[in-house]
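Take a look at the structures below.
Note that subunit A is present in both complexes that follow, paired respectively with subunit B and with subunit C.
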Partner chain A sequence: MNRLGSPRLSQFVAILAGALLIGATLPLYANAGIVFLAGLVAIDIVIALAFNFLFATVGVLSFGQAGFILVGAYAAGVAIKFSGVSILPTLILAGVASAFVAMVIGLVALRRVSGVYFAVLTLAFASLGFVAVSKSEFLGREDGLTGITRPDLELGIAAISLTESVHFYYFVLAVCAVLIAVMWYSTSSQFGRTLKAIKQDADRSAFLGINVQGFRVAAFVLAGAVTGMAGALLGPLTQIVTPDLGYWTQSTKPILYAMLGGSGFFWGPAVGAVLFAVLSYATRTLVGMTEVITGGLLLVVVLAIPGGVLGVFQSIARLVRRRSAR
Partner chain B sequence: MTEPLLDAAGIEKGYGRISVLKGVDLAIAAGDAHVVIGPNGAGKTTLFKVLSGELIPDKGVVRFAGHDVTAMPGWRRTRLGIGRTFQVARTFKDLTTFENVVVALEAKRRQTASVFELLRLRPSDTVRKAARAMLDEFSLDTVADWPAGLLSHGDKKSLELAMALAARPRLLMLDEPTAGMAPADRRRSIDLISRLLAKGEFSLLLTEHDMEVVFGLATSITVLNYGEVIATGSPEAVRSNPRVKEVYLGHDVSAS
Partner chain C sequence: MLFDIATIVFNALTWAMATFLVASGLTLIFGVLHILNFSHGGFLMLGAYLLFSVTQVIGDDLSFAGYLAVSVGAGIVIAAAGLIVDLVVFRRLRNVESAYVLIATYALLLLVEGLVKGIWGAGNHLVVPPEILIGAVFVGPVLLPYYSLFVIVCGVLAFIGLEWFLFHTTPGKLVQAVAIDPWMSSLLSVNVERVYSLTIVIGFALAGLAGGLLAANQGLSPQLGGISIIQAFGAIIVGGMGSIRGAFYAAILLGLIDAFGTALFPAFPGIFFYVALAGMILVRPKGLISSEFAR
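And now, the complex of A and B:
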């Protein structure tokens, strides 16, 4: 059967369900600190998947994804602090705000440049956002917005309080699962097929009647909105929103996760994010060593296993299959 | 006389100070198989690019089926009904042969498909059936699940032709469809094109070097030399045109 004939929906559902099961049972045996970190990792996974969607499926390297985290986080922070809306409208607002910013940047940047120039331009936009937010009196300058509460989850008939950390953690898991599903669907559906074609040969695609620019902008807007909604969870989770969320090093994190896990695989960035978190946690007591170890690890991955961790697994699996076929 | 399907008038195009096309006129009637020939550097490829939408001319107007398409981008022209292939066949090398055709078919269907169909995860049954049928017709069924990058040169050309036809063009433009092919592949390719042409579903514009191909397919010919049209008309008229003989056909025909 053809690969494309049956996108492996069942496989995706199984992996997502497995990951959710692990995440959901975590509070039963892990302490509150680890549960808190797990929430951050879930958010990081979504951000990294959105980055890799742009990188591996659309074929554009965005070096400014932190800008969308910033837009989403501040949109949510402002909404919570000044309006008191419930959590779902807050997330939607953050998604719309970052989608709008992505559209403006996409229309300007994607039309004019590609490759490295696009990467630099997105970095410039994100840095601009960082500076603008840091200087804004209304947004609390360098101190950011503090004391961000966790709004209730209003579901028409009932309102569920998310004030309790563990409740909010479950909410983060649920939202991240939905966003991950959106990214998978966008990669595997007709939309994703067309994007893969555009990535491989934009001119050939155009002469099949495909609106290359339109598809690219749409994909950029989608990735921006998903990143913004993931970023919107950060404020209520950590109860503070600072400009640091949009600092350029934040844009390198999804790139690192994708390379570590394997950008050629849908789940690669997720694997990278989890591995990185485990590593940082394991080395947390060695002051100053975390950066050295993670930097060294990245060097090893890039130089020795360019396919990432999942790439190595795939090679091993192939080897085993060939052996057993003999 | 009815209006031609494609009508280019006074096309001028230069790169920097070098003028490549110096006022080219070209008209293709519906049902025509029009071949543009000319020595190397005559401007065939530039003219092809102007007509297909890859380049915008400095001067002149291109009209297609009553629309002014001079400055229209390629993807819009494709939607109007101009299909094309490239001189070096371009396919999506990491997608399978089957997927290549599916992407092309879906691009066409997207213009009319329902929202429901657009949101489906898998290609619709209609698209899958149509893709299978096309692969059979183009003798690509045995390589359906191969990545297109692994196909032979001839198969890549066939696949690209299938993709261009998936858009159901009214005018198909082929840029040297047999360039770099082995004689056997060349014959197979020409047979395929004339068989498709015989169905009468599209008109044809092609540039070509090979005289066997030119006179085998053409119902009309335009001869280009140094960016100017020196002759246009039926194959017989062009063949006997003294100027054409002088600048081009004479030595080329005897040489081949």
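And now, the complex of A and C:
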């Protein structure tokens, strides 16, 4: 029974290494457009994993994750445009900024409201961020911040230029791998197990002396920081940061990925993100087809296969095993 | 100055009643079935596009009565769609965690959006209001467009109609009973499933009707569903989820705050809606009227 659980360390490392291998060899045979999309998918995977960490591990439904993408992307965009720092401090700054925003929202909102109310509250906060940013003169209003460069990677002894698209793609892969590892560790460590206990039964957890609110806020801050750092990669990757990153449909994408792949599995959101990217790439020329397919798929998944794609695979695997055992 | 204030209040009321028309069906369904229906905005948009298509076929010089009749027709079609949605989706998710239901309704919104894009294209369309609603009247120095007056009248009528239905008719009282305690109602031989279906049909009919009535209020685009649902969410949360009266007052309150905020700080149009929304949720998380049915 591995439904709520996350894969064991060896399994996790093997899957991550396999995914990285595919990602790293992609520029050898795919064109630049596909490689660019793959970078976006890697970022999407991190954002979806962070959402699912909240949803499946903590039991908090957030409809406002785009707000953290927005904070991270703009924090990084401003840092790069106006201060010219190297890339790692930029990412850390973006992480701290979105962690701070998550902490404020978590402290005032998680305590008061839960469930659907919290979902809509996060939606409202993210929309507030979207409107505020798109009206701000300093942040370039609706046009956003344009001409964002790719700062060097300073490693103390040497500075590596990331200006080349392929170089930056490898950098995105590396950062995403680290963030995925952070999400995995947070899910499977004692911290993650405590969160699962709270999700199962908050009252009993409180009786056992667990600081329920503290853990919830901490998890929300962690997911916010990871989402913000992933969002920070978007500016340098696409060379532009626009308020659209914080539009509410961006918040619903990670939900879609998690449901599609299977929110009960650690890798579910990643599977969903890749599957969705393939589907929308295949249907990109048909007007409205992307929405029909994603909406239809999501509906089918929620109605018929709540375990998602990985859930179906697991059932098939179990069936096969039972057959062979007979 | 005084006239400026009168204009601002009038515009705020127009916005508020348009928002209430969207929010009324939404909050009714939430109050009875506890489903926060993301797709409500989508079906409203579908109603508006249906009206647009009718005007394309029979010419866009509809009379006032014709415009109303087509809007009611849109309401009936969307109500039928609601019946199908209830059978195929909501009924199967009665005992599922609310997060999954929310996600399912979001999937429906996506489906409708895709459908609209596929049938009518991704571009904008314009519906011409009936001739009688074009133009404006001066009341003193304040300019009141006829269409805005029409929207305000529609909103107030919808409010009065719903209040009358819920508190003064037998089916309305049954809806209330089921909202308060479905189990007890079923013991009293109320067909709970049928009341649920009735509620959904009324809620969807309101969406389709609102879509028709408001079609000429703004340009039609596939984004209409998402935009209108966010504003309506705001009104029903501030008003108290499930409360018709709360949504009515909240729409007016939010409209006034946003209109005066925008008048005072013209550099930030539209931001005060969200500021007021976030502030209200933090001060009164359960809304102005916490539950109308449970009084």
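One rule holds in what follows: the second predicted complex is superposed on the first by the 318 of 326 C-alpha atoms of A that agree within 3 Å, B and C clash if a C-alpha of one lies under 4 Å from a C-alpha of the other, contacts with A are read in each partner's own complex, and residues count from 1 in each chain.
To be clear about the criterion, contacts are C-beta pairs under 8 Å (C-beta built on N, C-alpha and C of every residue); 3 or more make two chains touch, one makes a residue touch a chain.
What you see is a predicted model, and the numbers here were worked out from it, not measured in a lab.
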item	value
Touching partner for A:L299 - first (subunit B), second (subunit C), both, neither	second
Partner chain(s) touched by A:R8 [first = subunit B, second = subunit C, both, neither]	neither
Partner chain in contact with A:Y185 - subunit B first, subunit C second, else both or neither	first
First, second, both or neither for A:R318, with subunit B first and subunit C second	neither
More subunit A residues in contact [subunit B versus subunit C]	C
Touched partner set for A:R193, first subunit B, second subunit C, both or neither	first
Touching partner for A:R284 - first (subunit B), second (subunit C), both, neither	neither
Touching partner for A:F207 - first (subunit B), second (subunit C), both, neither	first
Of subunit C, residues touching subunit A in the complex	36, 89, 92-93, 96, 98-100, 102-104, 106-119, 121-122, 222, 226, 230, 233-234, 237, 241, 267-271, 274-275, 277-278, 281-282, 285
Contact set on subunit B toward subunit A in their complex	52-54, 73-75, 78-79, 83-84, 86, 90-96, 98-100, 102-104, 106-108, 110-111, 118-123, 128, 144-145, 160, 163-164, 166-167
Complex contact set, residues of subunit A against subunit C	55, 61, 108-109, 112-113, 115-117, 119-121, 123-125, 127-128, 131-132, 135, 137, 248-249, 252, 255, 259, 287-299, 302-303, 306
Interfacial residue positions of subunit A with respect to subunit B in the complex	2-7, 9, 185, 188-190, 193-194, 196-197, 200-201, 203-212
